[in-house]
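The next part holds the structures, each set out as structure tokens.
The two complexes that follow have chain A in common; it is paired with chain B in the first and with chain C in the second.
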Partner chain A sequence: MTGLLDSLGLAQSAELLSLSPPGWGRNLLRGLSHSLQIAFGAYALGLVIGLFGAYGKLYGGKVTRDLLAIYTTVIRAVPELVLILILYYVGSDIINKISAAMGGGRVEINGVAAGIWVLGIVQGAYATEILRGAIQAVPLGQIEAAKSYGMPAIMTMRRVTIPAMMSFAVPGLANLWLIATKDTALLAVVGFNELTLETRQAASSTRAYFTFFLAAGFLYLMVTLFSGVIFARIEKWARRGQPSLTGAGR
Partner chain B sequence: MIDLKSLMQPHRIVMMLVFVGFAVWCAYALRWDWLPKYAPLALYGIWTTLWLLVVTVVLGFLLAVPLGLMQAVGPWYLATPAKVFCTIIRGTPLLLQLWLLYYGLGSLFPQFPWIRSSELWPYLRQAWPYAVLALMLSYAGYEGEVMRGAFKGVAKGQLEAARSFGMPRFTMFRRIWLPQALRNVLPTLGGETILQMKATPLVATITVVDIYAVSSRVRSDTFIIYEPLILLAVFYILVAGLIALGFHWLEVQVLGTGRRTQ
Partner chain C sequence: MDTAKAVANSDEASLNQEAIKVEDLHKSFGQLEVLKGVSLTACKGDVVAIIGGSGSGKSTMLRCINFLETPSSGKITIGGELVEMHADGSPSNRRQIERIRTRLAMVFQQFNLWTHRSLLENVIEVPVHVLKVPKSQAIVRAHELLERVGLGDKADTYPAYLSGGQQQRAAIARALAVDPSVMLFDEPTSALDPELVGEVLTVIRDLAAEGRTMLLVTHEMKFAREVANHVVYLYEGRIEEQGPPAEVFGNPKSDRLKQFLSSVA
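Moving on, here comes the complex of A and B:
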């Protein structure tokens, strides 16, 4: 193995990327785990916001609908980087005000929690639109049937709307997950130790820029490709019982 | 587009009043005394953001057309590299690509004496060529995928008809295939261009002075946090609105009827 690496001239890179202390592999993996934590959390928060947002947009009152329209439009028109800064400062201000009101001092904000809060709100706007479209695609008769059986609203949502809309929502949600994993890189700009920032630190202290950035790119790519496989399964599961469309159109 | 009647509902009037009130409050309660001092720099930043956007969208699109074509109808030795390129670009964060190009290439180039003595060296020492390259490749990667679908979506009969008239392949591409693919994909391109606009502030991380970098400068110079950020958000919303309007206009021109853009 070492002979092979030597002959390819990659021995130095392998040493730099090794997991034990002279190498920076462990730092990269720690960054990756932070990135994934933030991505998972933000995605979950985004889905919750999206579900409420979609229901609010479809069935809410006039004011709710207009407010949600402003939320989704503004979030989708302003760069994530700017939103991250705004939400980061607003969030830390609010928490510090609350802490001061309760007689505490300045609170040090956990990077992962802040990342989840910031990206979750961004994700929520996209999720709202995806889920709204998916809910609208559910045949109205199914929901009416549930109503006519006297199902309460929550039960209708749990038993009819959500399962029926899944197959419409999954492609969009898969895309959203990929956006979530890639957007975690933006948190590097505000100084969170996620994968991209760890990579840059490793690269600038060893001057081996290509090695580290390519390695990080590889990690991101693996996450993307692996997610693709998972979401393909989920989509297959969401479409179970539906007639297959492949081969019909093309 | 927006008819006045739909705006004149009571709750919307109240919301508009609240918004106007908020704007007035912003104008009076927040600090704007830094504005005159930074206005020239801000104008320069706006100019940088806009030309970066336009140049990278145009160049990226020119690159996306062959990428889409290679994937849609190319033989495997063209289709596979194009597919791999699109997957890599779409599968990794733009920030990482940008830093790879800027720091990686930027540290590689000075090692070669012939690059340092070349005519291009004064440009290669600056940051913007790397910004243009990264943004262009990113747009090309995403649009290559879009164009693949667009080229495949053009009805086969159209191309067969062109061929049966004895049209040369390039004429067929120019007159029939590309225009129809573009028509189908115009609404998507509008959305993607807004996404590209949202990617431009990343160049501030490699020392290109765009409008985002200017707002960061104001923040670090004066410790004023919210005012520059609010202005920045408003600027991006305006640009996004202009892009949406522009593409809407294009759709009306090209398709005859504009589809309602969300």
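Moving on, here comes the complex of A and C:
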């Protein structure tokens, strides 16, 4: 192994990436772990916002629908990087003002929590649209059947609408998850030590930019591939009962 | 003919036997008035066939009975219980309408089975989750019902893998699973290929023979004549003629009914 790395001229890279000092591997993995925590949290928050948003857009009153239209339009119109800067600084400013008003001191903003909130609000706008479309794609007759057998509205949503819309929603939601994993990199601009920032620190300390960014790229790729496997399973489950088109997809 | 005229056998003794009573039902979609004051009574054990041309309001009438459509005005009494309505016709007591709906089982033209659930899951869904029947008990019953409609070996199959006739028979099993006091059939064979109609009609015929109360919107005149004990002919939102099938089909009085019968024969 060592001989092979030597012959390829990679011994130095291997040393830089090793998990124990002077290697930076542990830092990269810590960054990855932070990135995934934020991605998970933001995705979950986004799904909750999205579900309420979709129902609000479909069945809400005029005011609800207008407010949601503003939310989804604005969030989807402004670049994520700008939103993150706005939400992060405005958010921490508000929290500090509230704290000061209540006689407290400066509040240290938890990076993970802030990241989850900021990205979750962004994800929620996209999830709202994905779920709204999926709910509308559910054949009305299936919801009508539930209604005609005396199912209350919430039970209809839980037992019929949501399971039936899943097959329409999963491809879009899988995309959204991958976007969530990569949007975490944007949090580097507010100084949060997720994978990209850890990578940049390691790279600039050692001048081995190529090695570290390639390694980070590899980690992002692994996350994507693993996610692909998971979502393929989820999609298969969501599509239960639907004959597949022969030869199309797997 | 007087549209407010109730079905013949409404003497004192049968009053508490009234399964469904519709009084002066109106329904408009915007400017279009689809039902212009329909009254109808079905007693326990009655099989009422509702016939009429397309756009005559027969499906709308059926759908108003369980409030899938909101009536514009009128009174609906199910099993002696008047459905509480707002001024706009929508049910005002959510719990009441949900409870009443569980006693009215509807069979749809497009089957409307839940496609993400197997036939067994479709049949136990309402008993288990709405009526709170123990699951094991519901499963035993569901197998019996699927057996009865000739789908005993398809319990674990998903609807999409079945023919229309099989799906409709499964939908009838789903309806029977709630042990309904009235079954509402909304053109149950209209979406089926001709060769599949017979198998569904056979199941419905058996249900009629065992004395189930049914309202049946249908285009199958021969079948209506055979299974119904009362036939209602709707024309442009009004009851044009009604009576025993032998009368309505054998000796139609109104010209419109004569014309309708000759056009569908």
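Here is the rule we use: the second predicted complex is superposed on the first by the 246 of 250 C-alpha atoms of A that agree within 3 Å, B and C clash if a C-alpha of one lies under 4 Å from a C-alpha of the other, contacts with A are read in each partner's own complex, and residues count from 1 in each chain.
Basically, a contact is a pair of C-beta atoms (placed from the backbone, for glycine too) under 8 Å apart; a residue touches a chain by one contact, two chains touch by 3 or more.
This structure is a prediction, so every number in the text was calculated from the model and none was measured.
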Fit-or-clash call for chain B and chain C when the two complexes are aligned on chain A: fit
First, second, both or neither for A:164, with chain B first and chain C second: second
Which superposed partner A:224 touches (first chain B, second chain C, both, neither): first
Contacts of A:213 with chain B and chain C, given as first, second, both or neither: first
Which superposed partner A:30 touches (first chain B, second chain C, both, neither): neither
Partner chain(s) touched by A:145 [first = chain B, second = chain C, both, neither]: second
First (chain B), second (chain C), both or neither touched by A:196: first
Larger contact residue set on chain A - chain B or chain C: B
Lowest C-alpha to C-alpha distance for chain C against chain B (Å): 20
Touch list for chain C against partner chain A, complex: 66, 68, 94, 97-102, 104-106, 108, 110-118, 125-126, 129-130, 158-161, 178
Partner chain C, residues of chain A touching it in the complex: 139, 141-142, 144-152, 155, 159-160, 163-164, 166-167, 240-243
Chain A-touching residues of chain B, taken from the complex the two chains share: 9, 11-12, 15, 87-88, 90-97, 99-100, 103-104, 107-108, 194, 197-202, 205, 212, 225-226, 229, 232-233, 236-237, 240-241, 262
Complex contacts: residues of chain A adjacent to chain B: 62-63, 66-67, 74, 76-83, 85-86, 89, 129, 178, 182-186, 188-189, 196, 199-200, 203-204, 207, 209-210, 213-214, 216-217, 220-221, 224-225
